[in-house]
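One structure coming up, written as structure tokens, with questions to follow.
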Amino acid sequence: MRPTPRSDASAIPDFFTETRSATESLTADLPIEDMVAQSMEDASPAKWHLAHTTWFFEEFILRPYAPHYRSPDDRFAYLFNSYYVQAGPRFARAQRGMIGRPTVAEVMAYRAGVDAALEDLIRAGDAPLDLVELGCHHEMQHQELLLTDLLHLLSLNPLEPAYKAPGPAALADPAPLTWIDCAGGLVEVGHDGAGFAFDCETPRHRTYVAPYRLASRAVTNREWIAFIEAGGYRTPELWLSDGWGAAEREGWEAPLYWRREDEGWVAFGLRGTQPVDPDAPVAHISFYEADAFARWAGKRLPTEAEWELAAREPIDGNFVETGRLRPKPAAGDGLAQMWGDVWEWTQSPYAPYPGYRPPAGAIGEYNGKFMINQMTLRGGSCASDAAHIRATYRNFFYPGDRWQFSGLRLAISL
Amino acid sequence: MRPTPRSDASAIPDFFTETRSATESLTADLPIEDMVAQSMEDASPAKWHLAHTTWFFEEFILRPYAPHYRSPDDRFAYLFNSYYVQAGPRFARAQRGMIGRPTVAEVMAYRAGVDAALEDLIRAGDAPLDLVELGCHHEMQHQELLLTDLLHLLSLNPLEPAYKAPGPAALADPAPLTWIDCAGGLVEVGHDGAGFAFDCETPRHRTYVAPYRLASRAVTNREWIAFIEAGGYRTPELWLSDGWGAAEREGWEAPLYWRREDEGWVAFGLRGTQPVDPDAPVAHISFYEADAFARWAGKRLPTEAEWELAAREPIDGNFVETGRLRPKPAAGDGLAQMWGDVWEWTQSPYAPYPGYRPPAGAIGEYNGKFMINQMTLRGGSCASDAAHIRATYRNFFYPGDRWQFSGLRLAISL
Amino acid sequence: MRPTPRSDASAIPDFFTETRSATESLTADLPIEDMVAQSMEDASPAKWHLAHTTWFFEEFILRPYAPHYRSPDDRFAYLFNSYYVQAGPRFARAQRGMIGRPTVAEVMAYRAGVDAALEDLIRAGDAPLDLVELGCHHEMQHQELLLTDLLHLLSLNPLEPAYKAPGPAALADPAPLTWIDCAGGLVEVGHDGAGFAFDCETPRHRTYVAPYRLASRAVTNREWIAFIEAGGYRTPELWLSDGWGAAEREGWEAPLYWRREDEGWVAFGLRGTQPVDPDAPVAHISFYEADAFARWAGKRLPTEAEWELAAREPIDGNFVETGRLRPKPAAGDGLAQMWGDVWEWTQSPYAPYPGYRPPAGAIGEYNGKFMINQMTLRGGSCASDAAHIRATYRNFFYPGDRWQFSGLRLAISL
Amino acid sequence: MRPTPRSDASAIPDFFTETRSATESLTADLPIEDMVAQSMEDASPAKWHLAHTTWFFEEFILRPYAPHYRSPDDRFAYLFNSYYVQAGPRFARAQRGMIGRPTVAEVMAYRAGVDAALEDLIRAGDAPLDLVELGCHHEMQHQELLLTDLLHLLSLNPLEPAYKAPGPAALADPAPLTWIDCAGGLVEVGHDGAGFAFDCETPRHRTYVAPYRLASRAVTNREWIAFIEAGGYRTPELWLSDGWGAAEREGWEAPLYWRREDEGWVAFGLRGTQPVDPDAPVAHISFYEADAFARWAGKRLPTEAEWELAAREPIDGNFVETGRLRPKPAAGDGLAQMWGDVWEWTQSPYAPYPGYRPPAGAIGEYNGKFMINQMTLRGGSCASDAAHIRATYRNFFYPGDRWQFSGLRLAISL
């Protein structure tokens, strides 16, 4: 008898097949040359993402549950373990771009072998479906990282090559900014047990939220340009001390990938270099920049509890506890658009929820050991799979990180 | 008409005189050679502390309120401004050990001149007493930093010189560890307006605290040695990822200043190198170490709200809202000993309280711009002036910092 | 009328074709994944070498001499200029591994296009044959670098992949060490004008050389192991101060690529990991190590004048002024074996010969601007094309560099 | 029976007393605050120089020759050994500014104790006078370093404090530039055995020098300003590759300590900030800058052999083999002024002379182990004791070093 996921178990096999296939479609048109380099220590090569997500299934499912499984190369466990101390030694993170072998073809064969073994295991009823589901969500995280890491790599190339695939959906149309009032109170936040969630979203717990007001949409490029033109990047009074240090050290004058040309701002993106769309949400900003912008605007960033409450409480009172986030609303219907364009920095440090306990074993390293020095982001981006995001989802990055599709939404205390 | 402090205004003049004099007594027996070097970027020379605290009064009180005041050297504003962007340019922090001039004698003359001018201003009734009080608390912070920075400097000298003055009071006697149950609930924390507090302690605000249990005293050296001997410094599973990185990079094997000798552990301190006292609270540990210890012990660090509640609610129900922390209790009376030996790391990132607003102008930079990447500590240390600490006090340092008198207290969720 | 080379002009067209083809044969069996990464700032990807050598012909010959030539992409000049300031801006050296595009296929097309245009130009009699010859020797330098850079990259891969091609000729057989006496005197060294030479080999000039004795062969691995076992890497007295600093900082305990296993020393090389052959010349050592070895042995490194004299004066008095170096002698014939196994560190800093003048224009940057901080090596290695080395050839690297096929030969003052 | 120096033995005792006293007079008026800081890793505090020169006599003379001598603190050997591996472990060079103790007063007492013991030893006829003489020359080197290190430290202070003592003699008056023709030939250079010399000046040996022409004086500030105004610091073609890298990395736009003000160039020096004297020799330039200037001027730097020949061969044929360098000549007498204003960079790397052998034991580390990566300077500066310099003297620094009184003289090949 195997553990089952909190989601519908019967859907897991297809979920697995679709997730694995979706990853491969991301690199289908990519030349090998763009799949091996590591553009910075925080990023990884596309080839590594393809292999690491595979190792995850091999390490946590096939090794313990499929006694007859044989890895094509036992050294892959060393090469493609990202950070799980309890799963054995790891190849140095900063050297991931140095290993030409296994080749892309060998990695694809590794994927196929693991997929076949796992599908056999599922068919035999021997697969721990909760771990299969976790592995799929893990892989969806890496799908997004694969794209953001690739974008960072391509951005270093003076040829400014566009990512060849059709690219993620266009960013949001302009939406009139409205303010959503939220009463707050002594509420519960966090995941409640139905459907998949990462451990860090639990336990659901009480917290007190004072009344607040939340913007109905993210800050746009037009608004960001106003910040630039008002001298936002040259006014230390607007910045946190560490933020100003980072801005000076790294010479920030605009979001990552932006460049000022005679005709105005252009930005490098997955479709190559394009004029900055003033109505799209600003992306590729750090927490420090988001925080400085909010101070300049006389507002603040929301806490993650504020964000989560707003994401699940439609105006009409239908409390959508654990469902998917609300899609883009029709103009003027008063709903906030909470997801699918940019990850939104909150003012909440990524910390354990009261009563949080990581799972036993190496899987417990998934989230828990990163709960320091990072800030929480909410909402999902254009590069996030819609099946992967939900109101309680907690993404997290260091406050100086800029290479994600990260933006912000403003809040006000009432 | 001048602003007045929230504390008793009539006490401020003596408070000023005593505070200024206390600082000078700290360096009275120190050779000049130990007052000029900067042992690391985070620390400052004793001479700099003597001058900077003086500049604070000059910049924020004498310049705006004493029109006839003339600085002995206008360039001191450049040399001794620590980080106040709005108060003008600053000498590079990392170069503070490079400026032999002004000499110690010149700095003492600077102090005397500012003191005389300020005392004149107070006598004339023209001094903004709230800022005088703030300047005194600012100076008390630097008294502690002067000692911790000096200790760090002396620790680099193979001659292991002891700080010549009598040294701070001996650390705590052993106390039997008991656990204090706290009901929590929807409570208010933060400063309430009576008596002095820094801006970051405000506003008082509601928060929800689940029931918890707090240790009656800090972790001792004896307990810490058990952690070392159990392999705590060699077990990455116990550590946050960034913490393990710091421990490996810096080669941590014990608290800062500890050294293992044939007869056992010795530690360098203000009285020179001494055997580690097993019954004293452990000090000179980082947040990362505190967190790893708590995980090893199967407990956790308290939040700052938990700490604050416990510090003001005696068991007998006398609610001591804003008073000084409780002194060392008699053995067995069930009270927790909350202050005066080591600063205690909490699990709370140093973040703005809901509704926090820094004061206008450069004074607003005092605390607000540091509310990122740091963790809150509570309680005060053997190097803290007793007049300077209170239940709502929020100290903050980076999670890897070790040169303060920093320790920990354990907590349990109920 | 075009400039002609000092060598036989009629041989240049074939020389060009053969040289270009030889480069491509080096990477013929290499997976693309091994052609894009840059393993350290000093090394370059194989793809870059293929493109840069092509750019050299495009920039210095096609642009000025072939008015109808069009580059496939004008930005290649930016991407593939190595360091010629006067030839325009350059892509940052440390980022050469970050540019997936142009792909390997595009680079090969670039090569084919330049080759065709250059062959047209030669056929039309419009090619400056001296520059064509220079470009071929430039490319032969890069053939060797391509192999040494690739070896360094492969060495970082835990899979220890062997270079797939047949690999360079096996290293030398053991030879009995004899000592060759040289009278020295007021002699002339440097290139004399017949045949190809780089500018740094000129002008031929007088120098005084005291009588000396030179080893008939390079130091072997057997001898090097004796140095290791005698504690050579742990004895600072044997080392130059900067050398000892490098050895400590980088943890040197043996030549680069060596690893001690239970059965003895193994070394990673172009044929993968193999046992160290005790009779082969030691390779992959820095100048610092060579110098320490010589001091340990009670000998010294030769100067480059001493080396050059010995390379051109056979014992029997036939003075072979500018010809190729002597091949491996028959055992016991008393000749020194001067070339073709390892580059030999000399004790001579790489400095301009008296009266040296670099050519005008960007070509003048080829050698002249590197005449500081580097040491001269003589002799050619197993990875050097035999057509590329000669008695006057001056190779140069920094004294801490180890990734070349670099070894040493001992000398004694008489 | 003790070893005697090559100089007049009867003069050594007074030489010792005068040298020791001269060092102390350099710091007589210096506040303690300026004697403890270390401004960069290459420099040392004045207090350290006072102690280290004392340790040299203690370590190499008193320990082996004065059996009853007792050091005031055995740990001084650890603190004040600069780099002599064979003399035991050393305190980390970069931490010399971190040791407040021993205080300046304690160091002066250490000096007095060593002086007394050494004078006793001399009186008893037991002192190795060659080592005493060496120790005096060693101390004279440190007298100059004490001043250049102090100047560097003072230059970091925004108060721009002047060194309080009378300061070194004013730099040279303008002299009409003439060119001295030298025939060269097969000559001998290096020290010949009479009078004191460091080991690196030996052995005297043959070398061939082609005919050359040497400038009669060093390059002046007026000439250097012309180089700046001609764009010399913005023209990479003029620079060695490593030199341009250093210039860009460190932002060089003029000699160290120069600053452009509205009225023209000013420079910080031992007398504080002063206008640049156009007729004084340029100082505080690196080898890289000297080399770029020479290239810009269409000339070159001399070799050290060229410099030495010119320094000892007056035009009139009086061959002054080993005497002191020629003093400032009367205007128009055709003699070159070779010493006493700035050290002059030569184009010669600091390398062992043919046949060079360092002395046995730790004293052998004095010069030999630094013979790599540095360039030779000749001539002595305004901060050099006249008794310390001679025609064969070889000073050496890294090509990027700028904090010495270093300038240049031009040469031409004939």
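Some observations on this one:
Read from first to last, the chains carry the letters A, B, C and D; within each, the first residue is number 1.
Following the convention adopted for this analysis, a contact is a pair of C-beta atoms (placed from the backbone, for glycine too) under 8 Å apart; a residue touches a chain by one contact, two chains touch by 3 or more.
Values in this document were obtained by computation on a predicted structure and should not be read as measured data.
Taking the definition of touch as given, a chain qualifies here only if it contacts subunit B and subunit C alike; those chains are A, D. Each chain gets a centre from the mean of its Cα atoms; the one farthest from the centre of subunit C is B. Between the Cα centres of subunit C and subunit D there is a gap of 37 Å. Here the CA centre of subunit B is 48 Å from the CA centre of subunit D.
Spacing of subunit A relative to subunit D, judged by their CA centroids, is 60 angstrom.
Residues of subunit C found to touch two or more other chains are absent. Shown are all chain pairs that touch, namely A-B, A-C, B-D, C-D. Only residues 83, 85-86, 186, 205-208, 210, 236-237, 239-244, 287-288, 291, 347-349, 351-352, 354-355, 365, 369-373, 399, 413 of subunit D touch subunit C when the two sit together in their complex.
Interface of subunit D with subunit B (complex): residues 31-37, 39, 47, 73, 75, 78-79, 91, 95, 97-104, 153-154, 156-159, 161.
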